[in-house]
């Protein structure tokens, strides 16, 4: 369904660039080779070459085109105005004096969006950590003969990651995600609930309770479930609460007004050069704003697929090596280890 | 009572825009559709078009009008001053040199207000997480036959969220909020207390104590109550402690003085254009300050209603599926799961 | 003793404005009405009108006066210098190039002071949270018949808040603060200790130990005492450790040198206007520095009185409703709640 | 294998400076002597002298060379353009107005990379702390006769640090790292697992379980293992998730465009001086960007070797002094210490 | 040995100011009087007067002298260049455009150093908190007759603080520091270990284990020891890991290059005034860098002596009042407190 998302229908034929979609490749995780390329000194040229392909640029075509037309109009107006006895002098000073505050606001807004993205990414990392942790505890503490419970624990832990992913993305179907993860009866029961991820945590608690552990062990596993509640709650918070809209909107307004006034100050002194200047300056300021907007809703650009897969791999891996793991541990008592290690 | 709040009486007839109210729509939570609109490239134009409708703008009409009149006065004075042999030259340099520091101060102040808002939002998110968590624990650990206690737990957990909301908003009535949540006798007892949310936490502790859990289980639930104490205390702190007033007031003073001096430096060089310039520059600097002021007290713009509703929904949902949940869990012992799952 | 503190004797008659005191009203906590006034659009004008009354301004009179005299001297010197064949041209460029770094340093320093203030305020908020929490736990877990212990717990919890307040303010007397809080014999014992707040925590631990709780319960209460140790230690750290003095002093030096050089660059081009310019620019930069200095030692401007009172109110409130609280809790077992609630 | 890494083959003969490697000396840890040299006032001159040797500079040769050629072309073009009746005037103003935002973006990006590096360094510090802590607990709580288990605990704790190092660096071989740390049978078992560090934590849990401790003690050790899971997960997160690529790429694009336009604005007014100017300005802006890129992937520049060695040293040290440590502890009961201390 | 450290031999006679030492007075802790002086309005003048005495200034003499000579050379060159037909015009614009980014880098670097210092200070504050806390717990929970163990606990807690101080400062001798703190046999045993602070924590754990507490109590004390491990590990991390050297070195290079180019742009327009200008501008930028360098290694400027003394005082104080403390606690049971308080 990754492909599906990238083909969201654009809202109109006339303005097909209005609703941009996020390309798949930004979802992939970095390998060592990517890092080498990332640090390469050729990046300066490559990045320049890919400007028009970048999906940030796509979102900017419309406003930059409009601002460029506007600067052309201003240029022509200044060319013919003296003939009609009109004269306007807009000094550069007010523009220079306000741009500092606007730049700060823009860059801070972008960094706030970055913080949201990074917090969401941390949360997804935590999903992996907590999943591994609770499975490790279950394998260590569940009685040896409770095979069915052990397997159910692993299933529900994996299911939580997949259900959370579907819960945070409007275009994914929870049932489809959970099909291969839970058994049919478990899935059927889960799909009757109003809030699936929360239900799965409730079930995890019931499984741990069923295992009849020592209170201290049950409590340690419960701590992991509580942290999963927090992961769920934090993700929902980020998804439902954008940066205050007045902050975002005022920033756009300041930048747009500034860019609209700019050619009035430039046209008299630099002639036709004010048109390409307008393009580049608009690209810079609107581009910074666009970066922030694109990462403000982080769940569609975080590679949740890869993390869900890692949860599944790690947990099933531990489950599979359960029997051999136990044999490697030294026996208690003052036996020299050399003896144990030959077992 | 949301509507009620939006109709706070303005303090005078002459100046009806003095006390602005926060429109309901900023309270709503974001859905996927909102995010698509939020990222649309048409936002640049839409935001420009809604300037005069924005509630930030409303708060700025008065000071911008005053500063515009002042710049007109300055313009006229500069026009006629030479006739009376007067001449003043205010250079741009001191204005350019101070605006950096003032911009930093302004934007940092706004970001500090944003941090307060975000901390308050996190706190409300925590209310949801802790509520789900303590109910999940209660359902797992309370004895099967303690139905009344289980229901009372859910009631008091929901009541805490509603009471906290009313506690943090001056125009809401705690009793009205709790009416449908607690039973009548519980409500009557709660309304006799001086500090209702704190009392509800005390009652939660008493309920958990009554359930006669294992010490470790009681302690895990107590941790959740302690964190609810923290949520309460942190919210009260934010509500009662604004950003140091000298910081806020000095920032306003610096900006106002700067804007008052501005036309003196602009008028000689750019003529009547200094008047619209003054409007735009004032809009920019006062607008940044206004954003911060509007989000400094966060509880009236956070959608606490939606979070209270989510607490109620999640908790009651878990309570309702209590009986079926227990059946889905695998039996302990080496039974193959296939058998269990056909139950 | 709030009044007492505001009348600290100034150190000399000639320079009565050297040592400023913090006015009481900044200590008060914000109510809903304060927030409405805080957001009012009239604030722009009110804040301008109160410049000369603000206590920040008081601290600036001396240096601004000195700098103004200096700019007058420079103005006169430039007026008469040509007669003696002297000529100096100090360009604006070095001033413009350095002011960015100095502004950053100034505003960051002020924000660091803000962070100290906010951390101290959080700490005091925690005092309230932990106090409520430990009393709630004690009321829930202490045996019903241990009335004396329960009361002693509440007394020592309140005493800790008051003793901490006196400990952090040089002009308050611990004994006077604790008089109404502890019994006479407790007070006498406490006043023999070298470090009273630390002693009170030791006593709290002894009280909890005496109550002979289950280990898990005792441990939960101990966690609260450990966090109170942290509150104490963090407050002492903030009180005893200012921002590195070289940071603070160098910032003042940079600003003063910049302001001393300023009239040399302004006088030639703008004549007598350099004198009022100097006043306003000095007010801006020294004002930002002054805000930071004023909030760097936060305990004299945080409303500790109100928080101590809140601790006392909340704890005594819980103690008073102890008997009725217990009655409201549902009985364990499968009794329908309807029955219980009519008790 | 440190040497091996520094000799990564460059990708082409023509452009040998494209892929830079990180010199070993930045991996070393600071001693007191290093700090003295670090603070020496001679550093201003030494750092200037080593510009061309710095590995940051290496990565910049290519783009700076290209930009310098470009500025030479522009200079020549401006020299001959008037002869062909061409005339372009690019004003400085748009460049000055955009550079503020670009500088903020650049420096914030570099600081974000610094935060990633510092978080990774903290994580590795935590590896040391948690390793010491779990070994200390094991030595205190394992039964005196469980020598083999005690030794196995130390081996697996050390193995985790070495395996994590190899896991985070693409050019290291886990088996080689673990050879001297685990016994042969343990190593053979570990190498069969898909995710070695996670497996080692699973084994640690099994060892602690085998030791048959009191539940509370087992739980405390389990907390340390959970934190090691977090260390593992956080490190993987940092390794796999770069700063959003659109942020990084747009920043490079803005800087490059700005630097390409710069000579157009400089050439008319300052002649051939625009060429060395271009070199220095490019060095400044591209250098800031390069610092961030170089520390964005932190594991190759953190001295993990030294930390692994410290883990091994500390843990084995504690294991070796096990027998004497126990003798130094005072006997319980009211014996005067003087007696005990002569034992 | 504080005095000893301040007399580190300078490395050469010719350049005695190369290696600066940190004066003792910055180590002292702030009292109320210091705060009053700190806020005094006379500080503006005092700080100006002490410029030449400040130890920041000392570290700047060498580079400022060199840069001043260089600006004199440039001034003379510009004076005589026209005679030889040479003419160079370096415009101000590239300098103004780069200084923003350099200033940001400088101030952020200084703030990063501040964060390191503040983290180290927090860590030392934690040492005090954890020491008080573990002693409080020991006094409450150790059996009444275990006097020797109780005393040994206090000794080792104090010893940890002193050993940590000596561990973090190259010029201090651990054995000398521990002489009055531990008994001779304990000291002899400790000095045989490779890592003394870590050994002391191991011993603390053994002491707590010996006391045979309830598991929950032992676990609470163990948590404190684990946090002390973190304090130790964090301090070592800060000591061994400077801010990435490429960050620090590039910042110095950018500033030095900028300052070297500065007189080329100033000399033509402002004549001999470019020499004092160079002094002041260098003082500003190099001074900001110097502040950061001076606080980057925080342990030599934090008053660890005072904190060690506070640990000793607090812990011994609690130990001494042990017997009376117990008497003040109310008896359990429904005895009215009035009776107890007359005991």
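Chains: A, B, C, D and E, in written order; residue numbering restarts at 1 for each.
The rule is short, and it goes like this: a residue touches a chain if its C-beta (ideal position, glycine included) is under 8 Å from a C-beta of that chain, and two chains touch if they have at least 3 such contacts.
Not measured: the values here are computed from a predicted model.
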item: Touching chain A and also chain C, the following chains; value: B
item: Averaged-CA centre spacing for the pair chain E and chain A, given as whole angstrom; value: 38
item: Chain centre separation (chain C, chain E; CA means) in Å; value: 24
item: Residues of chain E whose C-beta touches two or more other chains; value: 96, 100, 104, 215-216, 219, 294
item: Going from chain A towards chain D, every chain in order around the ring; value: A, D, E, C, B
item: Chain B - residues contacting chain A, complex; value: 26, 29-32, 34-36, 38-45, 47-48, 50-51, 54-56, 92, 95-96, 99-100, 103-104, 106-107, 110-111, 114, 117, 121-122, 125-126, 128-129, 132-133, 136-137, 139-141, 214-217, 219-220, 224, 262, 265-266, 269-271, 273, 277, 280-281, 283-285, 287-288, 291, 294-295, 301, 306, 313-314, 317-318, 321, 324-326, 328-337, 340-343
item: Residue numbers on chain B that touch chain C, as the complex places them; value: 8, 11, 15, 17-20, 59-63, 66, 88-91, 93-94, 96-98, 100-102, 104-105, 108, 112, 143, 145-149, 151-152, 170-171, 183-186, 189, 192-195, 198-199, 201-203, 205-212, 215-216, 218-219, 222-223, 225-226, 229-230, 232-234, 236-237, 239-250, 252-254, 256-258, 261, 286, 293-294, 296-297
